[in-house]
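Next up, some structures in structure tokens.
Each of the two complexes below includes chain A, the first together with chain B, the second together with chain C.
For the complex of A and B:
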């Protein structure tokens, strides 16, 4: 097992490795499971920022961005079969400080997404209670706490059960979107889609072309997290085959789900309601089901939303804990976090430590702020990827390391990804510039803290664990 | 190259390091919230005595609003008229670009310095 010789054997559980038990279906379930909730909530803030057409254009451009992410990630990760995903890639290709930052991007993107999932779950329970006759509103906090605690416990107990659970509930949630589309579209259903009337006049592009740019901010939410498949690299039986297969199948699934979701929701809900994810359509597919008049669809999409939030939070706990664990194992963080459970073979200390962090955000911040925080961390990670890819090909050309997958048209995907990231920074700047600056400020401060303080506790050569030749130019 | 032997960090030092990270990360989200600087300027633009027509809603839109539990224009007024304010100063945009580019340049340069040490110790001096 990679790294097993590097860990501190004196601490409990640290001499063990993670268990290799996962197949390509689990990789698909991890990636799609994390992301599919993006179709059930959050993407509709893009409608609020630019209108329904803008959200569709953002959906497709974000789809291009994530196709580039999936291709780049698949090539690099097919050679880096270790937990930590992009963190481990950065450590081997760019350097320790970049790796530390990428590790934090991953932890915060996933922990914030987990918090967003828990907020949505609380809202859903409250709505169902109101629909079944409860008056006065429910206290959502116990449900938020219980959901996060239950999923953390599941993750603590073992990765195979965790991701098998994800596979089942993710498949259900995806099927629910397909059924909703078929039941409401003219293909098989009543044909009650109202796009022409709901998107006419001022509703077509309420902010003009600037709104299309602005919508890219939340357009990322349709797919954010698909790159998390790489976190399973150390627990997959055949990483060179399973990771590219699971990741690329995942992005195709999401492109279909995102487009169908947009079609159904924008064809039933006025854009102002759809675009208000705090007071209006918190869970837009569920809202669309409610307005369709079908009780069966309401229950189906209600359960679909519940399952999507659980699957996503579940995958987020899995991925954030692997990134935190990997940084602890390399002493980027206290080595105590680098322990593996002696029985369940999971990074249990990292799992437990991140529970209260997720709860702080789930109980104390509004949904759009939590989502923005997650998107910003994800966006910084996507900005790293083209730099990483170009350096990877430069330091280890194709004839020096055998890849399980070689992405085509290099460097076009890397350049496209960088350009789309630049557009998205501008989109975030439009309306959420303060958070953007606060976030970058945070990463600058922790980078200086790492370089001038924390890095002194890190062994130098032990960080490079891949059986690769010396990089060219070094 | 001589092998670098890192110092052993005390337990208290490890705990302090974790606390520093947690405080910084929580602060990055909550300080803008507490200072009232977070979030967009999405505010309703008041319309006197609103009607569905004056809010730009056609009959199909009105029908959907009614189904959503908004019986009249006044009840949906705030949601329909809320708009983001996308006005910005070029100076603010320039500051954002400088901050982001500066952050990545700083990180790649410092990373490269650390990386050269790693490679030299792993593969030996060239």
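For the complex of A and C:
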């Protein structure tokens, strides 16, 4: 029935677009779902860089950075109700070359993160097998491939089921952190926390202030990906309301989850073990649950880790495909990618195209390189945001376009975001300078390709579709 | 060979199944609908329509 209706629609000149079926809870699930895995693993490398206090300072500074990201994104995207998120914002506010770069940042950041999550999932299954007595190690590849194929299939079949699935597993993973905190803290539990013993003397700041700076690199891990909520802009029922609500509720959730995670893990695990994410606490919340001696907590946090990993990969497929689809629809990439499934109303070709790329990186690249590529692409995207915000307010002041949300204290959040990005670049340069330079070189090469070759195929008039007034001064 | 080895084979099998489901549907859709219809989505169409209604109203 739906099939024939769709045929009729196109026959009568109406287009097949993405479906507007999502609510604010789905937006929350998309944003928090992508990020929450960072609480379950990864953030603790910050402890290794500078000790537990450094990780807490990085947690809160990165929290300020991402609060700025969430506020800025909420304002702009409440007026740009189209898939593509920051790519579409850049296209309307700055220009085509910036948009092309931002689109690539998004696709690489999310696809690499998806690959990283799949690798982690394979590792988790291997760990479970070892815990249940399996000897000789497990072949992780089938589980890595299964995670990517299952989630790609889910995304292919429709956005409502995909993000409802994310809502359930993300809510479970977040609840597991709350339960862990309540069960181990003096508030309700046995009060097993040993902060005083584990964080005194040399252990307080083992590498001094430089350690705090170095910890900023992994401080991003607590929140990396919350900006992905904007990719749902074309599929939410009420973009002006749902996007700011879901995004801001998401960053609040993450600030709570990050602080509780730090409190629980740093109070139960010595910093040397906690900070070693390779040979020590690979999944610190799970390790903390093991230390607590409660089997129920071990199961809860084990399942929480698995769900957080799946939710992140799921959200990444959703976001990367929307960004790729939008670029195809605008002819920044071949228009073939701009197709929408006539029954499921998903960007099905973009979803399919990104599957082999994720598989190649998940099966063939080391986890730290994949993650670093994701972080660096994300960081380049955050650097664009303050520029975008300042230009948006300048070209379209508050009295020219009605926003669903107006962020306070402009331009302070934009300036703070820019300053924190600069600090984080320096921190990344300390640890991954070569990768940073190589990646910037890559984006310069593709920018030249876009400028001198690809842009001739872009339909210049068709790409600006928002019913906005002329920008001030034009 | 223990249970985990069978689970490994199961994971390969399920991966192939999901891949096949996607590819079969992809071929079916691409051969049933015209390219023009499949790529007819336009950004901001809903907003443009809302604007039009507001102006007409």
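Definition applied: the second predicted complex is superposed on the first by the 458 of 474 C-alpha atoms of A that agree within 3 Å, B and C clash if a C-alpha of one lies under 4 Å from a C-alpha of the other, contacts with A are read in each partner's own complex, and residues count from 1 in each chain.
We take it that a contact is a pair of C-beta atoms (placed from the backbone, for glycine too) under 8 Å apart; a residue touches a chain by one contact, two chains touch by 3 or more.
For clarity, every value in this text was computed on a predicted model and none was experimentally measured.
A.B. asks: Counting touched residues of chain A, say whether chain B or chain C comes out ahead.
C.D. replies: Larger number of chain A residues touched: B.
A.B. asks: Give one of first, second, both or neither to describe whether A:296 is in contact with chain B, with chain C, with both, or with none.
C.D. replies: neither
A.B. asks: After the superposition on A, what does A:188 contact: first (chain B), second (chain C), both or neither?
C.D. replies: It touches nothing on chain B or chain C.
A.B. asks: Who does A:269 touch here: chain B (first), chain C (second), both, or neither?
C.D. replies: first
A.B. asks: Which holds for A:168: it touches chain B only (first), chain C only (second), both, or neither?
C.D. replies: Neither: A:168 stays clear of chain B and chain C.
A.B. asks: Between chain B and chain C, whom does A:336 touch in the aligned arrangement: first, second, both, or neither?
C.D. replies: both
A.B. asks: Looking at A:412, would you say it contacts chain B, chain C, both, or neither? Reply first, second, both or neither.
C.D. replies: Neither partner.
A.B. asks: Just to be sure I read the superposition right, which of the two partners does A:142 touch: chain B = first, chain C = second, or both, or neither?
C.D. replies: It touches chain C, and chain B stays clear.
A.B. asks: Taking the contacts chain A makes with chain B in one complex and with chain C in the other, which residues are shared?
C.D. replies: 335-336, 463
A.B. asks: Within their complex, state which residues of chain C touch chain A.
C.D. replies: For chain C paired with chain A, touching residues are 2, 4, 8-9, 11-12, 14-15, 18-19, 21-22, 25-26, 29, 33-48, 50-51.
A.B. asks: In the complex, go through chain B and note every residue touching chain A.
C.D. replies: 3-4, 6-7, 9, 14-15, 17-18, 20-22, 24-33, 37-42, 56-61, 64-65, 67-68, 76, 79-80, 82-86, 88, 92-93, 95-96, 99-100, 103-104, 106-108, 110-119, 121-123, 126
A.B. asks: Which residues, counting only chain A, touch chain C once they are in their complex?
C.D. replies: Counting only chain A, the residues touching chain C are 7, 10, 14-18, 20, 81-84, 88, 129, 132, 134, 138-139, 142-143, 145-146, 149-150, 152-153, 156, 234, 326, 329-330, 335-336, 338-343, 348-349, 352, 355, 462-463, 465-467.
A.B. asks: In the complex of these two chains, what residues of chain A are touching chain B?
C.D. replies: Residues 48-49, 94-99, 101, 104, 108, 194, 197-198, 200-203, 206-207, 210-211, 214, 268-270, 272-273, 276, 279-280, 287, 290-291, 331, 333-336, 357, 360-361, 364-366, 368-370, 373, 383, 387, 425-426, 429-447, 449, 451, 454-461, 463-464, 470-471, 474 of chain A touch chain B in their complex.
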